[in-house]
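Structures for review follow.
Each of the two complexes below includes subunit A, the first together with subunit B, the second together with subunit C.
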Partner chain A sequence: MSDLESQLPLPFREALAFLRQHRDPDVRIDAIDANFAYVWINNLVKNTPGEARGGWIRLPVVFPHANPHGLVTRDALMRSNGEKVIDGHNPAHDMCKPVSSMGGAHYYSWTWAGAPALNSPKHIIGVAQWYERRIRNG
Partner chain B sequence: MDRLEFALTKDQFRKALSLLFDQRPDGDNDPERGFLALIFPATGLKRRTLILGDIVEPMPGEVSWSPQRGLTMSHRYYSRAMSLAQSTSGAGLINVHSHPRPATGILPPRPSPQDLRTDQEELCFASRAVGEQRPIAAGVITPGGGISVREYTFRHPRSQAEAVLAAFGAGGASFRYAEHIRVVGPGLRVLRGNPDKPSDNVSIDLSMTDSSALLWGEAGQRILAELTIGIAGLGGVGGMLAEHVARLGIGSLVIVDYDRLEDGNFNRSQGATRAESKSGAPKVGVYSRIAAEAATAPNFNVAKYCESVAETEGLRPLLDCDVILAAADDAFARQVLDHAAYAHLILIVDGGTTLVANPRTLRLEAGKSQIVSAGPGHACLECQGVYTREEATVARESASWGRYLELGQVQDAADQRETRAPSVICNNALVAGLLGLRLLALTLRLTPATMRGIQRYYVEDGTLRWGAIRECKDGCVKNSWLGKGDSHFVPVGIDLRWTELREKEQEQQKGLLEGIQEQ
Partner chain C sequence: MSTANQLSNVEHEDKDLHVIFVGDIEEKWHQDSAKASEIMQKAGVPDPSNFVLEALNHKGGDPVAEFQSGDTVHFEHKDRKFFRITPGGGGRS
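So, the complex of A and B:
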């Protein structure tokens, strides 16, 4: 467990363990900025090759008691039809700063409003799927 | 930790009384009965509470009584209960048994010497099995509902040599009684728990409270004098409440707020002086002074914390309280208190006002005040619509997000400067008054019909109506952490507005010091 990860509350660490087991063993925490952690997931984007497939989901450190808020990526996102994702796109936004040294450059200010309620650390799987779908649909 | 208490919900209390005293169809007429249950520690700043968890119901033959040995619980029964405790995060074990006498009254019963011997032997074994950090306790209940609970401390041997010493066995046990027993939901009943201190020694001054004591008597006044009430947030509502509860005769008050008085909030800072406003005095200092001057309880004390309720340092002193009056007007703080209410079995009464002005005409467009209770026996604040998960998320994002932004003033995201929400002292007084009345309903059952639910005052037409929600919605998980105490993670975090203020004050102090040094 990384130093950053050990600072997180138990439910968050349980969520990470579950995500690693069921989705992506290489999930990692790259930054904690006040009340949010930047969770790197390798394979969020299906229609882009290599490193560009990953992204940082901004998860509240009190997950699942507060909602995910935004996504940071290295490259601008493309929809499955090849068009650029423009909804909530903020290039070089302040929210990228915690991971800018790792290439974080595009912030998508997507909130969880209207999405399914999150009540269990295991619901992190649904969060990853939701972001995946959101990227695909733009 | 100064004080030990024991807490359980009203439903658990009923279940315990039923297990111990109901007539049994199998003709079990033993003079004493007992059961094992999980307990969870809940830690405040000065109070440690043991909270009753799941009761492990005994199977036939697992609990028996004989004149020679008194009440005994079988190894098989202990084994089942210890397995459950070991597999439940943070749980300890309590052994509870009945005393047939006195048949009436709620004085805390004293365990017999035989009880103490048996408890120590059985619980020493249980303590080693469940682990040193888990609480171990024993309790006695009488048919009238009197309870005493004692928490045991056993020395755990670190070597084989220590393991054979009497000091590390049952004989080396020490215990202390829980001073109070809190039966929570939907109202609050605080019973005495220490048989060494069964009588009232709380002093009251009826010469100052005779008019209100006409409604609830000397006994009611004593109940108030024994309560510890917390106030989260000292704005227009919270500041008034500090004075109200002090005048009602509450014995102890805990106030938490990080803000300072300023000219901009002087018009609703009842009791504050111009000098305090001009000097930017911390609100906790101002309202602790006002409460101390207004108090009618002879031994009134007020503890003040210049902290944010949304952070651990601000929450912990509130976990010492019997009821928390929430006037923080912030979704982050509300969510934190909502969690604490269920996990720590503390009733919450939340209140606030939203006034919306038309920015062009400067006339009232809409407005609503609301008062709502939450915690065991109530629907949670979230299900009653006091805050949403999204609002609690956004309030964690920045010092200004989620706060009121004056209509028409925001140019873009960078211009999210803090602006003031409309506020009128008269609306604050209405909310403070209704919060106080709800407190009396919960603690004295003064108006039992008003204990639960959400009460809304609609400013435009001046009507006061009850909301429909009395139960949590399907899928709400608050009850799954009911009574889990420290085992439940309460979602405290970093209050960015408080952080910003602290940094600003530190900068100012630094500048001041540098100025002095230059001179």
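So, the complex of A and C:
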């Protein structure tokens, strides 16, 4: 377990373990900033074959008792028709800074508004899928 | 003759049977289509209104289509064997 990960509350660490077991063994914490952890998911699905998978989902350190907020990617996301995703797109936003040294350069300010309530560390699987859905729907 | 009829019935039932998977949960449907809400409820989601059903290209694969609760899923269509349930909703700040 990394030093960063060891700082996180137990429910968050349980969520990470569940995510590694059921989704991506290479999940890691790359930054903690302003009550949010930047969780790198290596196999986050994108829309076009030319895009590398992966991105940093921003999860509150008190997950699952607060909601995800935002996604950071290395490259701008594309829609399946080749156009850029514009919904909530903020290139070079301050939210990228915690992972900018690793290439984080595009912030998507997506919120959990209107999505089902989260109350279990296991819900992190649905959260990862939700991000893929947001990417797909642009 | 009776055995032949029974075999014929079995074949008929098999023809109408669609076995799908929602995550690891197996569902059997004796019809060619169903509402996404019904599929999600059968998989254990009591109130599927805030969720979407995603069709995958293979077990544990990538999503290729999504269905809102009120949408109809046609099992005979391509990539309608494996599904997952994903939270719906979402906004931006």
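FYI, the second predicted complex is superposed on the first by the 132 of 138 C-alpha atoms of A that agree within 3 Å, B and C clash if a C-alpha of one lies under 4 Å from a C-alpha of the other, contacts with A are read in each partner's own complex, and residues count from 1 in each chain.
Just so we're on the same page, contacts are C-beta pairs under 8 Å (C-beta built on N, C-alpha and C of every residue); 3 or more make two chains touch, one makes a residue touch a chain.
These figures come from a predicted structure and were not determined experimentally.
A.B. asks: In the superposed model on subunit A, is it clash or fit for subunit B and subunit C?
C.D. replies: Pair status: fit.
A.B. asks: Thinking of the overlay built on chain A, is A:36 touched by subunit B (first), by subunit C (second), by both, or by neither?
C.D. replies: The answer is first: A:36 touches subunit B but not subunit C.
A.B. asks: Touching A:126 in the superposition: subunit B (first), subunit C (second), both, neither?
C.D. replies: second
A.B. asks: Once chain A of both complexes is superposed, is A:2 in touch with subunit B (first), subunit C (second), both, or neither?
C.D. replies: neither
A.B. asks: Counting only touches as set out at the top, which of subunit B and subunit C does A:136 meet: first, second, both, neither?
C.D. replies: After superposing on A, A:136 lies in contact with subunit C but is clear of subunit B.
A.B. asks: According to the stated criteria, A:69 is in contact with first (subunit B), second (subunit C), both, or neither; which is it?
C.D. replies: Both subunit B and subunit C are touched by A:69.
A.B. asks: After the superposition on A, what does A:21 contact: first (subunit B), second (subunit C), both or neither?
C.D. replies: Neither subunit B nor subunit C is touched by A:21.
A.B. asks: Students often get this wrong, so check: with C-alpha centres, what angle lies at subunit A between subunit B and subunit C, to the nearest 10 degrees?
C.D. replies: 100
A.B. asks: Once chain A of both complexes is superposed, is A:10 in touch with subunit B (first), subunit C (second), both, or neither?
C.D. replies: The answer is first: A:10 touches subunit B but not subunit C.
A.B. asks: After lining up the shared chain so the two structures overlap, which partner does A:80 touch, if you call subunit B first and subunit C second: first, second, both or neither?
C.D. replies: neither
A.B. asks: Kindly classify A:88 by the partners it touches after superposition: subunit B alone (first), subunit C alone (second), both, or neither?
C.D. replies: A:88 sits against subunit C, while subunit B stays out of touch.
A.B. asks: Closest pair of CA atoms, one in subunit B and one in subunit C, after superposing: how far apart in Å?
C.D. replies: 9
A.B. asks: Pick out the shared contact residues on subunit A: the ones touching subunit B in one complex and subunit C in the other.
C.D. replies: 69, 111-113
A.B. asks: How about subunit A: which of its residues touch subunit B in the complex?
C.D. replies: Going through subunit A, the ones touching subunit B are 9-11, 34-36, 60-62, 65-67, 69, 111-113, 117-120.
A.B. asks: Applying the document's contact rule, which stretches of subunit A touch subunit C when the two form their complex?
C.D. replies: 45, 69-70, 87-88, 108-116, 126-127, 129-130, 132-134, 136
A.B. asks: Under the touch definition given earlier, write down the residues of subunit B that touch subunit A in their complex.
C.D. replies: Result: residues 335, 339, 389-390, 392-394, 396-397, 475, 477, 489, 491-494, 496, 499 of subunit B touch subunit A.
A.B. asks: Which residues of subunit C touch subunit A in the complex?
C.D. replies: By the definition above, subunit C touches subunit A via 50-52, 54, 62-63, 66, 84-93.
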